[in-house]
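Presented below are the structures under discussion, each in the form of structure tokens.
In what follows, chain A forms one complex with chain B and a second complex with chain C.
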Partner chain A sequence: MRILAICILCVLLAAPATSAEVAVIAHPSVPASEISKSHLLDIFTGDVKEWKNGEPVIIVDLKPRSDVKEAFYDYLGKSSSRMKSIWMRNMLTGEGTPPESLESQAEILERVKNTPGAIGYVNRELVADGVITLRIIQFGESE
Partner chain B sequence: MVHKSTFPGLLRAKTPAPPLTPIGVGRGPADLLQFRSERKLGRVFFDGSRAVMTSARCRVRQFVWFLLAVGLIPATVAGQPGDSRLRVFGYLQGSFYYQANVKNSESATTFTTQQLNILMQKNLARRWRGFVNLAFTNTYSSYRNWGAFSIEEAWVGYRKHRYLNLKMGLLIPRFNYLNEYRNRMPVLPYIIRPLAYETSFQEDVPIEDLVPQRAFVQLYGSTRRSEFEFDYAAYAGNSPDVNSDPNQGNTGVDFKTSALFGGRIGFEYSLLKAGFSATHDEIDELSGLSPDSLTQSAASQFEDTPRVRLGGDLRIEYRDISFRAEVISVQYDDGIPDVNVDQAFWYATLGNKFFDRLFIFGTYWDTGINQAQWTEDKGWESANVKIKIPGVGVAYYMHDQTITLKAGVAWVRIDIDYPIPYPERKFNHYSLAISVMF
Partner chain C sequence: MDAPFFCSRVKSFKDRRLAHKQAIIVGVILILMATANGMLIHRMNGLRDAIDTVTSKWLPSAVAVGNIDAYTSDLRIMQLQHALAQEDSVKGRLELLMAGLIEKIQINQDDFDRLAKTEEQSELHAKFNELWDEYLDLFGQITVLSRQNRYEEAVALLNGEAGKVFSELGSVLEQLVGVNAQASLDAAWQADETYQKARRGSLLAFVISLVVAVAFASGMVRRITKPVGQLANAADNIASAAERGDEHAIDVQIDVVADDEIGKLSRSFNRMTGALREAREKIETQRRKLESANVELGFKNRALEDAMKQLRDTQQQLVMREKMASLGNLVAGVAHEINNPVGAVKSAADTSERSIEMVCKSLENSADLSELKESKRFQTAIQVLKSNTAVTVTASDRIAEIVRSLRDFARLDEAEFQKADIHDGLDSTLTLLRHRLKNRIEVNKQYGDLPRIQCYPNQLNQVFMNVLSNAEQAIAGEGQITIETAQEGDAVVVRIRDTGKGIAQDDVGHIFDPGFTTKGVGVGTGLGLSISYNIIQKHHGRITADSDQGSGTTISITLPIEQHTEST
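Right after this comes the complex of A and B.
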């Protein structure tokens, strides 16, 4: 029985720590305390390139596929591959630059924390001091 | 009388084309194809100083530096004073075609570097940026007289806000959905694009008549209310009668007083995106293309003929399924009852994406080109060329979509309605391609 309990505990600990929520985070210089879905979509599609104070928007994206990434883009109503196509289209027409893609959520957190005007998304459990949270998205949330 | 093959190259027929001058073919500067690349989305960065320059003087200086950088100095020169980065990237598409004769056509195979584009972009100041797009098509070689080279775009952009943007300089104007992206091969699943946009067939199909190829100033923008997005573009450029005769000097200059005016309005709501486009310009085309076949009085009837292009585009996306369609109508107000040189084109593509990597689609293109010609003995004669092409294709995206493998099959049928019976032509077109961003 004890062995079974230890096995179950090991499995639980080994499983990726998944939260049911994604946090949209930004550098504290960003002049907003929350963000709407449409504004978020405008930012990530490159239609909006500046914050209200004129500071350039710096988008930080997660490179590997993950539940967090899929949940975030599902919420925006675009698949991650569709977003990639939009960024490529913007780049090839001279309209914009694709966002920087980082390998991990920890890197995103660090980059957003240290880059004025930056915005990104991470698992809510990872949110730490030094960034502001603009929106919480439930997994599977589309509105 | 001018004898010009209507569809040379891969579309060449065994029998000569009817002795009609295809109106709109071969006019103006050649156009091209493009590719671009990037590393991780294709970029090579050249760091420069990050000093912020806000004065007008500094902007001018930045622009001069930009021109020097993109025009005179190899792109490997590191960043310029006051600039962030000069980005140099591009793309190419290499292709293999096999054309199988079915009826009155030819069989052929060819490898080709269908398109190579070098792009350069630089942020000149907070709201200003420059963009250059150099295009090489059909295995370009000046030494061998292959293909073509063209400066497709060279503009400076100013962005006030999402709803107010301005491009100044040589640019590809918005017309329907595809025109602005027609040469961005990495974002298109096609090997051979819908014919009105297929620049590698520009000697065969009057693409310069069907869609506007270039403009010189464009105002555009968009706005969103919840899920509803509205966008617009308005532009101006030269009339199509640009001088390409070196004997007259000043080639590339439009000596007409008329100009091209056009625009597009569009909206997006939920799964639906649609738009309406229009252009207006004036054209001397027929007199310029077949002077031997026309009396002076007949030719003069076509001077300053108003031309109107109308276009509509539609896109519906539901999950991984997408549907795109466009229609184009080109109308000439020549005022001559016996002459109809109008043109029309439409296409529709239905596709589905699998596993975020594989896109499979079916498509249908329909092109109708009316032609007319004056001869002393017969007066006005007209012909109608119809090109119908159903096809299927597949695109497989790799490495963050920087590499795309493509394959396609098209069943081409060309019908020519001419006073003298002319045989129908049919052939099948099989193609493979790799599209790469660097």
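Right after this comes the complex of A and C.
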């Protein structure tokens, strides 16, 4: 009984150490406080290229593989390579330019803070001032 | 402890009714077939699953992998062309083509993702996605460089890092193909195995069903046909043995193997033969009884035969005696009758002798004829001679008449029926009896108009003699005898009536019995009328008696005129 209580306690304490949430962040100039899944998908597939106010959408992607990246794309329902194919197609057909892929989440945070109309995703823990959070995605969430 | 009780309650198989047996066996066969079928279907399902696996899992994924392989190779070639192209229009065209290829690759990747995968496949696919991800990044970079006409850098990147990633991609695809092929082969092998098992199973089931069916059929044959045949044969044997007279066929017993209908039939048959054997024994006993009874009868028969013989001898003797008696009577009668005329002739002859002496004396004593004529002695003598001669003539006539009657009476030439006038017979008989009838009894003859009839005259005369003699003897003192004759149709009737003492009512029916007499022991033989009866029978006639005790008796004799030889 006592061992069980200690175990539960440990789990609860350990949880926050590895946050299981993805935060969709954007530049403060983006005219939205939250975003739906389908909107998010349209943006990332390039179907929607402008914000409501006409400002172009600037997508910032994470290059290396990570849990955050996987969770984000799982949520969207497309793998990252699938997304890349779409971007390449768009680029080749002239419909758009593929987003930039940055080497780390910290860089993403920095770029989104400094680029109007930018949108990206990072681990929730890393969210700092200077960006707005449009959505929180749980690891393993798919709806 | 309970097992025996249970067993006795549940009937054993062989004792069930035939219909039950058949139903059970057919049920077993059906279950066997159903089981075999079920197993077969199960195997078929396995087969189908194997085939499904091949067609749904391995085939499409093989296709997808093949496509990806082809498209990625094409893409790489186009990338090179794009980098080396000088004109924008060419670049533009290539870019569109490349977009198309990337789309197709994406589609195939999606297909592959959707298909069910083994762990190995999933691992390889994840690896592929990773590499593809990397390659796309490099692709983006190369395209940008190429657009900027920095083709040396573009080509360097293409051949360098991109080339490395690309060859890694190639090997992953190769592995995927191999895995696919192996998986397909495995599935095909499994399918074949399943098929073989199914085939074997089906064959086995068929053979088992066949064996069971054959066993069933032969079992039925043995159970039904053989006993029935046995019974039929046994019955046939009994029948033909009975015809031959052989008794041992019914000693046969049929084996009762079970308690079903055949068993019942066998038992009934055995009961039947048992009953037949009992009957046979009874018959045997009866037969022996009959045999001994028969033997006894034989003895008795012989005794009877001896007695019969004795009786016949006695009868013959009696008949002989009667004949002798009547003959004696007859002879006495004739002698009596002849006596008188013979005496008359004798005395006439004596007297005539003396008279002739007288005549001779007269002749000697007379000198002449006139003296002779006046001699008294002579005249008397001649007178006596005359009258004596007349008497002699009369008497001789009489004797002749009697002799004729006798001769008529004793006619010896009678082997066949002869036509005769029965009046002659009656008259002859009356003549022979005249001495007894004379003075005492009046004879009334009422003769009708009779034709001659076919008869044995001698025998009929015997009858008349007997009847008339009886009539005479019945009359004590004075009386009458009336003889009536007439023709009635094709017969003649003679009625002889006397006025004698008659016959008692009780005795009338017996007078024709042999040995019956009212005259007392030793006086009469009692055979007269019975012999007369027989003679009339021989003539196919009838003789009857009517009597009133005290007033008289009438004897009626009917004789047919014609004797038909067929009816004798």
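Assume the second predicted complex is superposed on the first by the 125 of 143 C-alpha atoms of A that agree within 3 Å, B and C clash if a C-alpha of one lies under 4 Å from a C-alpha of the other, contacts with A are read in each partner's own complex, and residues count from 1 in each chain.
Note that in this section a contact is a pair of C-beta atoms (placed from the backbone, for glycine too) under 8 Å apart; a residue touches a chain by one contact, two chains touch by 3 or more.
No experiment lies behind these values; they were computed from the predicted model shown.
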> After the chain A overlay, clash or fit between chain B and chain C?
Replying inline: clash
>> Once chain A of both complexes is superposed, is A:Ser38 in touch with chain B (first), chain C (second), both, or neither?
In response: first
>> Per the contact definition in the header, classify A:Val48: touching chain B only (first), chain C only (second), both, or neither.
In response: first
> Which of the two partners, first being chain B and second being chain C, lies in contact with A:Arg111: first, second, both, or neither?
Replying inline: neither
>> Output check: A:Ser101 vs chain B and chain C. Expected answer is one of first, second, both, neither. What do you get?
In response: both
> Any idea which of 167-175, 347-355 or 419-427 of chain B is the one running into chain C?
Replying inline: 347-355
> Taking the contacts chain A makes with chain B in one complex and with chain C in the other, which residues are shared?
Replying inline: 79-81, 84-85, 87-89, 91-94, 98, 101
> What does chain A use to touch chain C in their complex?
Replying inline: 63, 65, 79-82, 84-89, 91-94, 98, 101
> Where on chain B does chain A make contact in their complex?
Replying inline: 36, 38, 40-43, 87, 89, 91, 119, 121, 126, 129, 131, 133, 153, 155, 157, 159, 162, 180-181, 184, 186-187, 222, 224-227, 320, 353, 356-357, 397, 400-401, 437
>> Applying the document's contact rule, which stretches of chain C touch chain A when the two form their complex?
In response: 95-96, 98-99, 102-103, 105-106, 109-110, 129-130, 132-133, 136-137, 139-140, 143
> For the complex, which residues does chain A have touching chain B?
Replying inline: 38, 41-42, 47-49, 54, 79-81, 84-85, 87-89, 91-94, 97-98, 101
